[in-house]
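Below you'll find the structures, each written out as C-alpha cells.
Each of the next two complexes has subunit A plus one other chain: subunit B in the first, subunit C in the second.
Presenting the complex of A and B:
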C-alpha cells in the first residue's frame, strides 16, 4: 500500500512538471491564434477583395491540413532557416492552425453585429478603423466567446501533439514514466486527470467571463 | 439675409442601375426646421445619407456652411461629426450603457478626457431627460428612452445640423410624444433640423418648411400652412390627405 502511494507520488511529481509546458504551449498557441484570427477576420470582412481572397485561402488550406503536419513543417523545414526550439515550433504551429479556426469564429461574430452599429458609429464621425475598434469588435468578441471557449479546449487537447517533436509536456512525460516503471495505468491515469482538471478549469473560467460580459439584447 | 447652413445642389444617387435620387436641390437656413415627407421608397433616407456622406451622392454638390463637403479630399469623418443623425431603429451601441453611448464619441472622436466626457455626456442626457437612466444598457430602456439617448449621443458631438430619419416610426404610439417633445425643445433652442417624419402634428407646430418628395425628386415645398391647406400640386394634396387619413 505504501509502495503504491510512493509510486503514485513519484509518477505524479514527474508528470506534473509537464503541466506548465502544456499550459505554456496552449497559451502561446491561443494568443497567436487569437491575433491571427482577429486580424484576418477584420481583413476578411472589411478588407480589399484581394485581401479577402488571400485570407480565405489561408483559412481553407490550414484547416485542410492535419495539425501535426504543420508542426512537422515548422520543426523539420522552417527551423532549418530560422532558429526554432521544439517548444516554439510546436506552439507556433498550433497557433497558426488555431488562427485559421479563430478567423472563422471572429468572422462569423463580426458579421453577426448589426450593420446599424457601424453606421451609427460612422455617423458620429468615427473612422472605419475607430468604429471597428470601439464598436464592432467589443460586440463581436462577446458574441464569439462560446465558440472561442470551445476552440480553447480543443487547442489545449491538441497541445499534446507537440509531444511528437520532443517537447516535455504532460503526455510525453507520462510516456517516459511508463516506459521506466512499466506502470502505464498509473502514468496515463495521472495524465488523464491533469488534462481533465485543466479543461474543467478553463471551461469554468470562460463561462464566468461569458456571464460577466454577456451582451444584453 | 443670412447665408444658408446647408445647400444641396442637383444631387443624384444611384445604386447600380437603380436611379434613386434624380436631381434634388434644397437649401436650409440656420435654425430652420425642415420636415421631409413622401411615400416609402421615394428616396428620403437616401437623401439624408447623402447629406452626411454615409452614402455620398453619385452626382451633384453639397455645401455645409461655407465648405463644399462633396469636394474631393474632404475629411468625411469631420463632416459627419458636424451633422448629427438619428435613426429609425435607434442603433444604440448595445455593449455600452446610455452614458457610454454618449461618451464614446466624445472620447474617440472629440478626444476629450474621460472625466470631461462624462460630465458633458451627463449634461446631454439631462437635456433629453434621462440623467436617471445613465447606467442602463439599451436593452433595459424603452423605445422612447432609446431614441432620446440616441439624440443625446448625436448632440454630444456638437452638431451644426441634425438629421432625423423617421425617429418615431419604430415606437409604440404612446412613446412618440416624449421623443417629439425633445425634438421640439431642440428646435426651440435654435437647432437646424431636417426631419423625415409623417407626424403631421409635429410638422404643423414645429416645421418652418415642409418638403414633399416623390420618385427621387422634390415635388413641392412650402410652409406647413401652404402645404397642408393649398398645395399647388395634386400629388402633394393626395399624399398629405392620405397620411392625415
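Presenting the complex of A and C:
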C-alpha cells in the first residue's frame, strides 16, 4: 500500500511538470484563435464580399486539415524561413486551427444579434465600426460563451498533439513514465486526473463569466 | 456595462498572453540561440558548425529502455545516452538531447532541427535515402514474445506465419513483417498491427488481442521480465545489421569524425563497458 502511494507520488511529480507546458500551449492557442476568430467573424459578416469569400476559404480549408498536419507544416516547412521553436510552432498551429472554429462560433453569435440593432445604431449616427464595437460585439460575445467554452476544452485536449514536434506536455510525460515503469494505468491515470482538473477549472471559470455578464432583461 | 465587458475580455487576453510568455522558456529550457536553419543541401560544413556552436543537438525517442528513457528526476538515461555523451566528450562539445516521437526524428534531422539521432536506430535502405548513418555501434538481435500462457513454439522467424502479430510503427521489425509475412501471403494483412510504442503492443499481448510481438531483443527481455511475458525466439534474421547514429545527408566531415570516435570507443572497450552497465547481452 505504502509502495503504491510512493509510486503514485513519484509518477505524479514527474507528470505534473508537463502541466505548465499544457497550460501554456492551450493559452497561446486560445488567445491566437480568439483574435483570429473575432476579426475573421466580423470580416465574414460585415466585410467586402471578396473578404467574406477569403475568410470562408480559410475557415473551410483549415477545418478540413488535421491539426497535426498544420503543426508539421509550421515546424518543418515554415520554420525553414522563420526560426520557430517547437513550442511556438505547436502553439501557433493549434491557434490557427482553433481560429477557424472560433470564426464560425463568433460568426454565428454575431448573426444571432438581430440585424435591426445595427440599423438602429446607424440611424442614431453611429459609424459601422462603432456599432459593431458598442452594440453588436458585447451581445455576440455573451452569446458565443457556451460554444467557446466547448472549443476551449477541445483545444486543451488537442494540446497533446504538440509532442509530435518534441514539446513534452502531460501526455508525453505519462508515456515516458509508462515506458520506464511498465505501469501504464498509473501513468495515464495521473494524466487523466490532470486533464479532468484542467477541464473542470476551465468550465467553472467560463460559467462564472457567463453568470457575471448575463444580460438582465 | 459594455466597457466593463471589453475591459474584462482585454484582461483575460492579457493574462493568457502573459502566462504564455512565461511558459515558453519553461517549456524550452535548452532552446539553442536563434540561428538560421541549414537547408539539407548545405550540410558539408556540419562538423565545423557543431564545433562553433559548442553543442551537439541529438534527437531521441526516450521511451525505449535500456537504450533511452527518462528517469524519475527527468534525466535522459540509457545505453544510447551514455554513448552519445562519450562521443560528445571526444568531440569536445556539449551534448543536448531532445525527446520527440520516433516518427519525427528523421524529418527533424532533414530539416536541420537536430544534428544527429541516436535512438537504437538501424540504417535501413529507406532511411539511407533521406539521411546518412555512422558505422554501427552495436549489432542487433530481435525477439518474438508472446503472452505468459502462450502455447506457440518457434524455431525460426517464419513460424510466425498466420498469427496476429504486432510491431512498432516505422521500425525494421514492422518492415520485416510486411516483406516476409504479408507480401509472401503467409499472414493476412489484417492480422498485422502497428503500435506507436512497443510497450503498447505488449499490453495487447496480455489482453489477448495479439499472439506475437516482434521487437528488439533487449527491450523485449526487459518487457518480458517485468510483465511476465514469454520470449519465444531470439534471432538475427529479422534484424538488419546494427544500430547507428543518423546524421544529415551529405555531412561527410561529421560522418568521418563520428565513425572515427565510435570505432575508438568500440576498440578501447567503452561500448562493452556501457553494454554491461545497462544489462545488454
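Simple rule for what comes next: the second predicted complex is superposed on the first by the 214 of 217 C-alpha atoms of A that agree within 3 Å, B and C clash if a C-alpha of one lies under 4 Å from a C-alpha of the other, contacts with A are read in each partner's own complex, and residues count from 1 in each chain.
Assume contacts are C-beta pairs under 8 Å (C-beta built on N, C-alpha and C of every residue); 3 or more make two chains touch, one makes a residue touch a chain.
Being a predicted model, the structure only gives us computed values, none of them experimental.
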item: Touching partner for A:87 - first (subunit B), second (subunit C), both, neither; value: second
item: Partner chain in contact with A:138 - subunit B first, subunit C second, else both or neither; value: both
item: Partner chain(s) touched by A:28 [first = subunit B, second = subunit C, both, neither]; value: second
item: Partner chain(s) touched by A:37 [first = subunit B, second = subunit C, both, neither]; value: neither
item: First, second, both or neither for A:95, with subunit B first and subunit C second; value: neither
item: Subunit B and subunit C footprints on subunit A, overlapping residues; value: 134, 138, 142
item: Subunit B residues touching subunit A - in the complex, by the definition given at the top; value: 52, 54, 77-78, 80-82, 84-85, 87, 89, 91-95, 104-105, 108-109, 137-140, 150, 153-154, 156-157
item: For the subunit A and subunit B complex, residues of the former touching the latter; value: 114, 116-117, 119-127, 130, 134-135, 138-139, 142, 215-217
item: Subunit C residues within the subunit A interface of the complex; value: 1-2, 5-6, 8-9, 13, 16-17, 19-20, 22-24, 26-28, 31, 34-37, 39, 59, 62-65, 69-72, 74, 98-101, 104, 107-108, 111, 113, 197, 199-200, 203, 223, 226-227
item: Subunit A to subunit C touching residues, read off their complex; value: 10, 13-14, 17, 20-21, 23-25, 27-28, 30-31, 34-35, 72, 75-76, 79-80, 83, 85-88, 91, 134, 138, 141-142, 163-168, 172, 175-176, 178-180, 182, 184, 209, 213
